[in-house]
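In the two complexes below, chain A is the common chain; its partner is chain B in one and chain C in the other.
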Partner chain A sequence: MSRETLFNAALLLGLIAVPAWAVMMDEPFTITLATRAVILALAAAGLNIALGIGGLVSLGHAVFFGIGGYAMGILAHHAQSYTPLMEWPFLIEGTKFMPVIWLLAVVVSAVAAFLIGLMSLRTTGAYFIMITLAFGQMFYYFAISWSTYGGEDGMSIYIRNDFPGLNTLVPIQFYGLCLAILVVVLIFTARLRRSPFGLALNAARQVPARVEAVGMDPMRLKLVAFVISGVITGLAGALFADLNRFVSPTMFSWQFSGEIMILVILGGVGRLFGPVAGAVTFVALEHFLGGITEFWHIFLGLILLAVVLFARGGITGLVAGKEATHD
Partner chain B sequence: MSTILIIEQVLNGLQSGVMLFLMAAGLTLIFGVMGLINLAHGSLYMVGAFAAAAVAGVTGSFVLALVAALAAAALAGAVIEVAVIRRLYDSDHLDQVLATFALILIFSEGTRWVFGSFPLFLDIPDALSGPVTLPGGIQYPLYRLALIGVGLLVAFGLWLLIERTRIGIQIRAGENDREMIAALGVDISKLYTLVFALGAALAGLAGALVGAIQSVQVGMGEPVLILAFVVIVIGGIGSIKGAFIGALLVGLTDTLVGIFLPEVLKLFMDAAPATSAGSSIASMSIYILMSLVLIWRPSGLFGARA
Partner chain C sequence: MSLLSVKSLTASYGVSQALFGVDLDINPGEVVALMGRNGMGKSTTVKAICRMITAGGTLEFAGQNLHALPSHKAARLGLGLVPEGRRCFCDLTVAENLLATSRPGDWDMGRVTQLFPRLGERHSQLSASLSGGEQQMLAIGRALMTNPRLLILDEATEGLAPIIRQEIWSAINRLKQDTDMAILVIDKTLAELEQVCDRAVMLERGKTVWSGAMTALTPDITERYVGV
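Here is the complex of A and B:
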């Protein structure tokens, strides 16, 4: 077993042991923190597919996070106010049923990722970064001006949505649900990386010209990766909204896009468990440094600078060394 | 809809356009010469505005405030170039984005720490306050007119600097072939610090000038930064001419669509939904403009490389 596998196993064990401990000690706040970490890890796991495997530096992933959040917010808002979402051409009602909310979040994120990808993948490098950032800002301003759904103030959802067989109001049950989704996504990512598609995508990141020479279209590979990536981040957005029972345009903000990227880098770009290590570290820093000083972002900035300048592999790189199969 | 209103709005669009140009010129220069994507450019805009507000608060002089803004932003730019940015020229864009994002966090929280969370105010100097009557009887704020003038002057000065001076020749040479001009005996690292400080000073100047008509607060730089990105994507990265045309296009589109689209929609639908739909679409208009330019020309209007 390699050091990275051991490290990943330890992380996963921690994600099971800490909340279990919190249940026994009756510390619901710790479970909320852990849930936040798991959902952020899911959002970052989405970005990690585009960024880590595909090399797409998207600074607009908050778009999908926000879409997931608003999918939850809009459906639950109509359900709790007993107003139909749409009456013509056919009646659509709101719902508090999580699987339906997730389906909407996933479908809309996929469509948005497809359109944004189609537009931004015409360019590369710095253009791609700036364009994804600009599209993010476009959705942000749209959400602010969308007065039907709260405009700048956002929407509060009074009761967490339902999942069959679970009482989602019990913190540990909602946590379990989020963790299960994260594990499924990580297994999917691991398989994706070894699949012909993942290998081709990896090649398209490194040498697009050769990929093209063997008859594959790098643009199409990247577009598919971008859509998968957006869908996962969108799902995380729906869960995040359910955790806070609140959605607002800040879910679309460019700062949040930056934060998702920080999670990936902090943990280690392209590493399977990188997003998990990054998210756990981020939430821990936010909790402990935030408790010491109101200005904890200064320290986050310094840590980030140190990682970029001196520790390129992030936390996973520091603990487990260089990855053999990855450059 | 009167002619006077249209002229007023065109002037407003020009004013925001030339201020955007000050931001975009620095960004595009830094990208063109050093190949660096600098997210912290918005922080330098904020530094300029805060320095101006602080100095104006103590001395009461707007001229001193502008000098302070230029000096503080150029100094901050030179310091971060030497301490951090210099290490990033050979890195990929991802590292540049992250390191400059980290700088934003440090600048923003540092400023909040020193000045607090409440906005500061910078007054328009007495000599430039109040309206002026333009030919045709249009009343327009003198200060905004002065901003247009200053912006155009700086644009002209920048053109002179780049096209007509020795430093400008070195900058243009640096864009084309870094190794060659280093071999010819130009101190490339000094040149880079100079270009970065120049870009920073332009951003600081824009921050101070705009700070007098808006409030000076933490986070004021980032919305402008993202608009400046849209400008240089439209104009073509690395092109000063592109930045100028792009900035005017974005400034005019942003202002005019916001005012006129709801009016146009009212011709086809009820007033209330027309106003809300109009403002929603208007908030997205410049991004739609950017998409259209990209479909037509993926490397921008004046961009040489994609």
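Here is the complex of A and C:
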């Protein structure tokens, strides 16, 4: 068993043990923190597919996070106010049923990722970063001006959405749901990386011209990866909105896109559990350093600098060494 | 009908014209050598055939006009390129390099490792850690995994140790004997080309100046156009 597998197993064990301890000690806030870490890890796991495997440095992933958040917010808002979402040409009502909310979040994120990817993937390098950033800002300012759903102030949701068989108001049950989704996404990512598609995407990141010469379209490979990536981040957005019972335009902000990228870099770009390691570290720093000083981001910046300069594989690389061959 | 038909091929890099009229035909199962001194347009011809640069003239593969296709679609018709300089996918293992490009057909991982047993021995090793010769074998294997009808080898033995070159030539020979795949070889080693190829096409200053059976090559012709 490689060091990385052991490290991943330890992380997963921690994600089970800490909330279990919090339940025993009656520490619901710890569970909320863990839920936040898991949801952020999910958002970063989405970006990790585009960035880690496909080499797509997207500074606009908050778009999908925000779309997921607003999908939840809008449906729940109409459910709690008993007003229809639309009446013509057919009646659509709000809902607080999580699977329906997730479905909407996933579909709208997929469409947005497809359209954004179609335009932005024609460029590379700094231009790609700038285009994705520009899309992020477009959505951000749209959300600010969308007064129907709170505009700049955002929108509070007074209900917790339902999932069959669970009482999602109980923190540990909602946490379990989020963790299960994260595990499913990580298993999917592991399989994707080793699939012919994942290998071709990896190859397209390294030498696009060679991939083309063997009959594959790098643009199509990257577009599919971008859509998958957007969908996962969108789903994370819906869960995040449910956790906070609040959505606001900041979910679309470029700062948040940067934050998701920091999670991936901190944990280890392209490493399977990198987003998890990054998100857990980020939330722990936010909680502990944030309690000492409101300028805790300075310390985060220093840590990020150290990682970029001295630990290219992020925390995962530092603990588990270089990635093992994929045998 | 020819598998590949190239007539009056022209190509430029910006304002500088590199090809002025290349003519080249390859039939199924035929092994053709594309020869000429450095800078005469051999690799540019390959790039034009594989649609990696825009070109003029007639360019047909299996009866289809290649000009109408982007590079990846041209490759899907059955053009398997082993590019100059190998360029393996370094972050992937040997097996992953092969799987990444695989398309349905007779050539699979087992058959490739039969042709190059070294690749089988190193299947889980990162390709960046292979020797130059092994990387070249991997580049050929990667092209074979696409199940091409025409395999194009651009300087496949350049800069390799004699023993590895021998291994690669012997593999090309086996491909010629055991398959009906057409092969276009660009190389400078005349002795090996004479043993493997059916025909030769000579380029000089971006133009076809001689073409004929390998047996018709005289020292005078090779001296004049290849310098050996």
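As a convention for this text, the second predicted complex is superposed on the first by the 323 of 327 C-alpha atoms of A that agree within 3 Å, B and C clash if a C-alpha of one lies under 4 Å from a C-alpha of the other, contacts with A are read in each partner's own complex, and residues count from 1 in each chain.
Keep this in mind: contacts are C-beta pairs under 8 Å (C-beta built on N, C-alpha and C of every residue); 3 or more make two chains touch, one makes a residue touch a chain.
The structure presented is a predicted model; accordingly, all values stated were derived computationally and were not measured.
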Can A:Gly301 be said to touch chain B (first), chain C (second), both, or neither?
first
Quick check on the superposed pair: does A:Ile129 touch chain B, chain C, both, or neither? Answer first, second, both or neither.
first
Output check: A:Met119 vs chain B and chain C. Expected answer is one of first, second, both, neither. What do you get?
first
Which partner does A:Val214 reach: the first (chain B), the second (chain C), both, or neither?
second
Going by the contact rule stated at the top, is it chain B or chain C that touches a larger number of residues on chain A?
B
Going by the contact rule set out at the top, does A:Gly258 touch chain B (first), chain C (second), both, or neither?
first
Scan A:Val184 for contacts with chain B and chain C and give back first, second, both or neither.
neither
Which of chain B and chain C A:Ser145 touches, first, second, both or neither
first
Note which residues of chain A are touching chain C in the complex, please.
194, 196, 199-200, 202-203, 206-207, 209-218, 325-327
So, in the complex, the side of chain C touching chain A is made of residues 50, 52, 70-73, 75-76, 80-81, 83, 87, 89-93, 95-97, 99-103, 123-126, 142-143, 146
Contact footprint of chain A on chain B as seen in their complex:
31, 37, 84, 87, 91, 93-95, 97-99, 101-106, 108-110, 112-113, 222-223, 226, 229-230, 232-233, 237, 276, 279-280, 283-284, 287, 290-291, 294-295, 298-300, 306
In the complex with chain B, residue positions of chain A that touch it:
51, 57, 59, 119, 122-127, 129-131, 133-135, 137-138, 141-142, 144-147, 254-255, 258, 261-262, 265, 269, 295-298, 300-302, 304-305, 307-309
